Amino acid sequence: MSLFSRFMDGWRKYRKPGYYDEFDYHWTMTIDLDKCTGCEACVTACQAENNIPVVGEDEMAKGREMQWIRIERYWEGEYPNAKLSFIPMMCQHCDAAPCETVCPVGATYHNQDGLNAQIYNRCIGTRACAVYCPYEVRYFNYYDHEWDSPLEQQLNPDVTVRGKGVMEKCTFCIQRIRQAKDVAKDDDRRRVQDGEMQPACVQTCPTKALVFGDRKDHESQVYKSMNDPRNYRVLDELNTDSSVFYLKKVDA
Amino acid sequence: MHRPMTTETFKLGYNDIHDDVVRSIVKTGPKYYIALATAGGVTLLCFFFPWSYQLYYGIGAAGMNHPGVWGTYLASFIFWIGLSHSGTLLSCVLHLTNSSWRKAMYRSAEAMTLFSLVVAATYVMVHVGRPWFIHWAVPYPNQMELWPNFRSPLLFDVMAIATYITGSTIFIYMGSIPDFAAVRDRTSGWRNTMYTLLSLGWRGTDKEWHRLHWAYTFLAVLIIPLAVSVHSIVSWDFAMSIVPSLHQTIFAPYFVVGAIYSGTAGIVTVMFVLRKTMGFEQYITKLHFDNLGKLLLVLSLIWTYINGVELFTAWYSGTSEEYEALGYKLFGYYAWLYWEMILFCAVAPMLMFSTRFRTSFVPMLILSIAINIGMYTERFLIVATSLSRQYLPDAWGTYVPSPVEISIMVGSFALFTTLFLIFVKIFPSVSMYEVKETMATPKMEPAAPAAGSPA
Amino acid sequence: MPNIDRREFLKLVGAGGVSVGAGFMLREANKDPREYLIPHVLAPEDFSSGLDTFYNSVCSMCPAGCGISVRTREGRAKKIEGNPAHPVSQGRLCTLGQAGLQALYNPDRLTAPMRRTGEGESASFEEITWEQGLKQVGDRLDLLRAARRGNRVAFLTQGVRGHLAQLFESFMRQLGSPRLLHYDFDHPHTLYAANQQFFGESRLPYYDLANTRLLLSFGADYLNNWISPVHHSLGFGESRQGRADVRGRFVQIEPRMSISGAAADEWIPAKPGTEGILALGLAHHIVAEGNYNGADLGAWTNALADYTPDAVAEQTGVPVNTITRLADSFVDTTPSLAIGGGAAGNHSNGVDTLVAVNALNYLVGNIGQEGGLVLNPEPAGPAVQQHRASYSAMVELAEAARQGEIDILIISGTNPVFTLPPAAEFAEALAQIPLVVSLSSFLDETTALADVILPSHTYLESWGDDFPEPGVGFSVGAVSQPVVSPLYNTRGTGDIILDLARRMGSSSVMPWQNMEEFLKYGWRRIYQRGDSQTLAQGFDAFWTSVLKAGAWGETTNGSTAFTLNPDVIAGIGVAPPEFSGSEEDYPFILHPYLSPNFHDGRGANLPWMQELPDPMTSVVYGSWVEVNPVTAEEMGLSEGDLVDIQSPHGQLRVPVFVYPAIMPNVIAIPIGQGHGEYGRYAKGRGVNPIEILSPLLEPITGNLASSATRVNLTPTGGRVKLVKTGGVSRDLGRDIVQHTSLGVEVSSAADNSIPITEVTT
Amino acid sequence: MTSNVIGLFHDPESALTAAGQLKGAGFESLEIMSPVPIHGVEEVLGKKKSVIKNFTFMGALIGGISGFALAAGTAIAWPHPVGGRPIITMPPFLIITYELTILFGILATVLGFFISSRLPAFRNRVYVPESAVDKFVVTAPCDDAEHFKRAEAILNDAGAEQVREIGESDL
Amino acid sequence: MNISIVPALKVLRPAAMLVIVILVGLVLGYWANATFVPGNSPEQPIAFSHKIHAGDNEVPCLYCHTQARRSPSAGVPAVSKCVGCHLEVATEKPQIRLLMSYWENREPIPWIKVHDLPDFVHFTHKRHVLANIECQTCHGPVETMDRITVSSRAVNGSAQVGHPWKMGLCLSCHRENEVVNGIDCLTCHK
């Protein structure tokens, strides 16, 4: 009977939209496009931090680049009035993520920190999430990547090396979040403080265009930044409710 | 109920059918073996060998890339699911509406359903990155306490296709029981053993016929909505995404119609081949081609209409996303394929307004093949053109199939053929008892000698 | 039970046995491979398994000298991050700096000393021991020194600072040779010369981007490769959006839009080489409008008389109203700052151009101002003479080699065979030198021609220090310490030099056993500059804290007072640039620029850098030539079309990239690819535009006017697929990158903001 | 000793007539074996009720309930929040319900068919191979020889081409 | 004439028996391997006995595996640690002599990893030790093992099949103890 009562409990609880009454943390990133220079330091930082493989020229030619964060560029106007804007694009950790619903095995889901989680070892490689993602920030391992020895010595032990047939994407550096929480726990602190932890891209951004933090903390830099009047979200019209806010580029 | 048929069949006696069908199973000429060896060889060489390579190397053996993460594997998957849509579905509809002209062809049509489904299911394995973990998509209790995600359109697919394969297998099998029994009595050795088991001890008593009739009818009633749901669900794999040009309400009916369309064309092809190679000229006649032709024509018109509607709404929306996707489809890298599809699936079928065309075997064969090429193209374009033109222009790309993919695509046809060739040697490919039903029942004629019946 | 006959039974038993075996093997085959724990004899002090250890050091991937912090785990370097305590990088780092790990773990590193065997085509390298290698070199050095012919030794190194530079200097002094050359392709000789002329000191000032409100950049790609990109980026970000109510405005003047041009609010194409004329045009307007009231007004008026807006507009191609508008806002906005460099300095009039830029700053009073141009104090590092070798110095060295005046050439860290135009005939000159010793970590083009290779550590394995140039307005130093134990049988550059010094009997003057010792010796002097508190702690405590912090600094500012030597004013004036080749034969001006990924080519062996899309074009793994869309259309070229680019001094074949922001008569090729050696990732990829540069010089410095080569463009009809990650780089009205204007932003702030909800479902 | 009387007919009408007469004569458990389903059997041998529809219905019902229970139950067992949707997301779960309704319906129909038609046949039953080809066969169990004779006469009168006896021992 | 499927089934019987025998054989073989050569108890370079140290002499686990309380990995003691005691203790035993030979040659002992988690699992000893989870909960009765073997005290029915260290093991404990975010995938998967 307990099975039945468990079912009924769930039935009462789980028909409302969403699951979390409140996120534990609500990790959020803001990107100031007025500051972004397109230098791509974030891209390399991410590659180094997250064991992102180098695919080689042939695979690149096939369009199989691997960059959890990439810089997109948009030209406007023609010479001599041509203008170029850069926009870093990575997993937006949407709170209403299209990619999550489609995974048949639940390899991607939303966790209590507002993160769009990708569990590599559960992935069976249908690649449906990549189709459903409007930001096209999911990258697939088309084969087993190799690191020319001794380059493999650089691999981050806190991050899995993904094998063939697995989808991967930006995690907001979950390993760093995990470690920050671990440290916070050691210090008898309940919560991770603002600025205590930053993803590799945010940490390295030479213009400080990227800001990361917990938006539940109203004193945090990211909360202030996301409430900047310039804020907008890319493809907001799709109602993905993303956790990455962009600050508009200023024309002056 | 039994409308007399205007064709040659009624000139034949029960015995002739029996002999023809049993002969088609028992008597095997060298041509058959050559065909089987060829098809089997091509399957191994073009399907299983590249697939093994892909399993070893990874999906990278195919041409998928960053925006185009889905490719011909998925296109082929839809194609084969679509091809499956005429056999059992058509058979069920015609069974319920008591259309007697179906009876000579429905067995092979159902077999087509079954084998296309098998090929489609195989394609699922070919398509996913880690097929060795495909069982995770199946709900079963496990130590990880994890279950599949029932909210995923892909899991609807798993459930629907599993149901559809089960239903189709049962449907073709149930309909074949009396024929297995009939063949059983004429065979010996391992075939006899096999047919004894397959026929389950069928005797043809009034009670058995009665039960079979009802069971068959219920199955038909269940399978029609199933078949419609299957291709709707396949369409939702795409339509539930928010990719411009895929996120469309019309996709489910569009896919269902397209599926029946290509499936019906597939039946025409199979009919033609069976008729020529198995000596079924008397059973598969102009009447069948005529009726199938009419059906095809109607389907073609509906398909063209929906296709037009899709284009029109996309164009009318005026948004950059839809507009660019549409432009890419019509005038982009794969434009030539698009216009080929229009030619084969919308323009050429107009020929079938002519009765003479419909009742000519070879032109119908050519047209049916053309339609299926067109329909394959349609599926390919759905996958290849839409994913290439999504929301962020800087992430646009072009997907080009790799030789491995093309080889597997070719091999899948060989796989289908192989399965079909095996089928015709096990199943009576024309339903004997139902063809008998369409004939005039023997009339009371005193003292007619029992010619041809075994002593 | 059915009866089973004997044969049947045996068959079953056999099948059962086989399947038991198969089942057994099935599991056996599925077992995980054996792994080992990380064993130690003694528990290591500096790391524990599973925990990170950070070491602070200095980045050596480019001359900026950013402080870095390297994360190591179990004795392996995992990640390079900026050192937050270092004032140059402030915890930030550029892409090339991040990729330093791949220099350390590069599969193509030289693993042991080698010696050339055989001659000509059949030449190859054989591995030798350090003793053999050092002895061979040391003995020769000793002989030359004993014979007082030490000046037949030349030492060619990349631009190094700090104690390594001092070590090189004293080493050469022991030999009595003046031939110590610091050579870098991108060293801003003209900028130093211009500063010497204008400020009277050959140092770079500190450009205070963070506090400026208007920046005019004359050709300086300050966000990418110019001097100290990370620090400039920090300043850029701070100026743009880091301050309340103030947003810095950035204007970039250059013929081809660089990264800085893209980041700027306004990009102004001026004809190549006329940036200085434009600067003087602005200056003329400022003076003419009465916005300069200095005592030397008259001198300025005279000097600038020829640079009326109309004349300048004619020469530069920049409209008159743009000139006046820029000049007015440069005056009106304070603080403002003008910087010049990059391609603008690499013309025949380079020094004059940069002097003109300095003059502009002078006229509006930016010098010594916060948000302007701050003069740096004397660097705290050891006093080292200038050894910066310009192109003409390198040609002299080559000439000397050809004359047989050089017996030994030691090359460290620089790759002149790649970065000098073939017109310098440097490779040929190398062949004339009896003993070429390379201390490189990689088999680059120059090292491939060496006779003995004594491979040095990468910077992550060796000791060193750095005193960034320019400082950040005050003295900064940092010690570079090894973060991992050496991977291969290599040695630190300093250690090699000290060893050689011992072998030629200089141990009395250079008594240090290794670089670490020498560093400590040198830093003792810096320690002694410290306050009483520091001194009280003792040197060891000081040293440990410097290593730990990764940076050392003094907050004493440089002098703010500056008086201009009146003679300078009279000399101001920029001549029209000269170009090689005639405009008829060579209608295009070649604009070679340092690739953001590879710098001057040194990054080409790093797979991350190869795979990093070029920010502007998204091209990876190759070279391309950027052509204006109109020009391309006129010539019938589209992306991927192969063209032959011919200069008076060579020819290249490259695919076209249609680039929306480049002047119609300019084509641009990135420097960095086109390596003939340098490991698997770099070799045989793309082209090196340096190969076709004409040896045109800037007369004052002898600097190569690398932006002054004229070329012509011939379509070949061939076509390749440019490997790039980007699709269509146009917004198509989708509002992906949204813009706002300052005025609108304030008024509609409330409407613009998205309601932020706490719980999102 | 019991045996079965077998009468082979050329046409269905004669077979039906014979069956009607046999039934009239008090024979029970009559069976008509035919190569095709014949019409009018029910008029002669009495109405047949099929239990299959009950199976189908029950199967579909069970399928529907278990389908929904599977989807909702597994979702509750480990709540896996995706896409901001509720854990129990009705529309997709109804699709699962729909599919399983059909699957179980089909399986139950087959089961019903097997049970109600007593297939597969694990025990020997009377069979006439000709009935699978073109003969219409009437069989009836006979208790004794006299019984058999009476049946044989009726069959022959109805125009049987052949009358046979299949004894118990043959089964 | 009569009909049933029994004769056909009889014909198939030998084939069916063969199939059954083969299936049973495969399972048996697999089981035999799992039971007798489990591969989770390899022979170590030195026959170190946890029974003697942790069991008989009651040396606390953390005395040697000092890292467990501050690092994700428990670590294995350096040779110096062993030598610290064995300069005095049991010096004459052959295995200790072997140990001393490693020490004298300044060679590390190539211990074979027994407890190995897949690359995609994030497990930190620190958190579990600090939460006062006994080592034996996951490692089993180590103090009774002469040669170290993978086993576990926490038993979850299905998790015990084959290798005890499966996801179910972690999960059952996390569920039972209501660990905060204990069943969030990202807690254990990286």
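Here the chain labels run A, B, C, D and E in written order, and each chain numbers its own residues starting at 1.
In this section, a residue touches a chain if its C-beta (ideal position, glycine included) is under 8 Å from a C-beta of that chain, and two chains touch if they have at least 3 such contacts.
Since the model is a prediction, treat every value here as computed from it, not as a measurement.
Q: Touching chain B and chain D alike: which chains?
A: Correct list: A, E.
Q: Between B-E and A-D, flag the pair that has more C-beta pairs in contact.
A: So, comparing the two chain pairs, more contacts are at A-D.
Q: Report the chain ID whose CA centroid sits closest to the centroid of the full protein CA set.
A: Minimum centroid-to-centroid distance belongs to A.
Q: Would you identify the chain whose Cα-based centre sits farthest away from the centre of chain D?
A: That would be chain C.
Q: Distance-wise, how many Å sit between the C-alpha centres of chain C and chain E, to the nearest whole number?
A: From the centre of chain C to the centre of chain E is 52 Å.
Q: Rounded to a whole Å, what is the gap between the Cα centroids of chain A and chain E?
A: Those two chain centres are 35 Å apart.
Q: With centres defined as the mean C-alpha position, give me the chain A-chain C separation in Å.
A: Spacing between the chain centres: roughly 31 Å.
Q: Counting only Cα atoms for the centres, state how far chain A is from chain B in Å.
A: 42
Q: On chain D, where are the residues touching two or more other chains?
A: Only 75, 77-78, 80, 82-85, 120-122, 125-127, 129 qualify.
Q: At which residue positions does chain C touch at least two other chains?
A: Chain C, residues with two or more chain partners: 618, 725-726, 729-731, 736, 760-761.
Q: Got the chain B residues that touch at least 2 other chains?
A: 66-67, 145-149, 151-153, 155, 200-201, 203, 391-395, 397 - these are the residues of chain B that touch more than one other chain.
Q: Could you list each pair of chains that touch one another?
A: Contact pairs between chains: A-B, A-C, A-D, A-E, B-C, B-D, B-E, C-E, D-E.
Q: So in the complex, which bits of chain D are touching chain B?
A: Residues in contact with chain B: 8, 10-14, 31-39, 41, 45, 48, 50, 52-53, 56, 60, 70-71, 74-75, 77-78, 80, 82-83, 85, 89, 92-93, 95-96, 98-100, 102-103, 105-107, 109-110, 112-114, 116-117, 119-122, 125-127, 129-135, 159, 161-162.
Q: Per the contact definition, I'd like the list of chain B residues that touch chain A in the complex.
A: 57-61, 63-70, 127-131, 133-134, 136-137, 146-149, 151-155, 157-158, 237-238, 240-243, 387, 390-395, 397-399
Q: Inside the complex, what are the residues of chain E that reach chain C?
A: 13-14, 17-18, 21-34, 37, 39, 42, 67, 70-73, 75-81, 102-103, 106-113, 116, 124-125
Q: Applying the document's contact rule, which stretches of chain A touch chain C when the two form their complex?
A: Result: residues 16-18, 20-23, 26, 32-41, 43-45, 47-49, 54-57, 60-61, 63, 65, 67, 70-80, 82-87, 95-96, 114, 148-151, 153-157, 200, 203-209, 215-216, 226-236, 241, 245-252 of chain A touch chain C.
Q: Once bound in the complex, which stretches of chain A touch chain E?
A: Chain A reaches chain E through residues 24, 109, 111-112, 115, 117, 119-122, 158-161, 174-175, 178, 182, 185-186.
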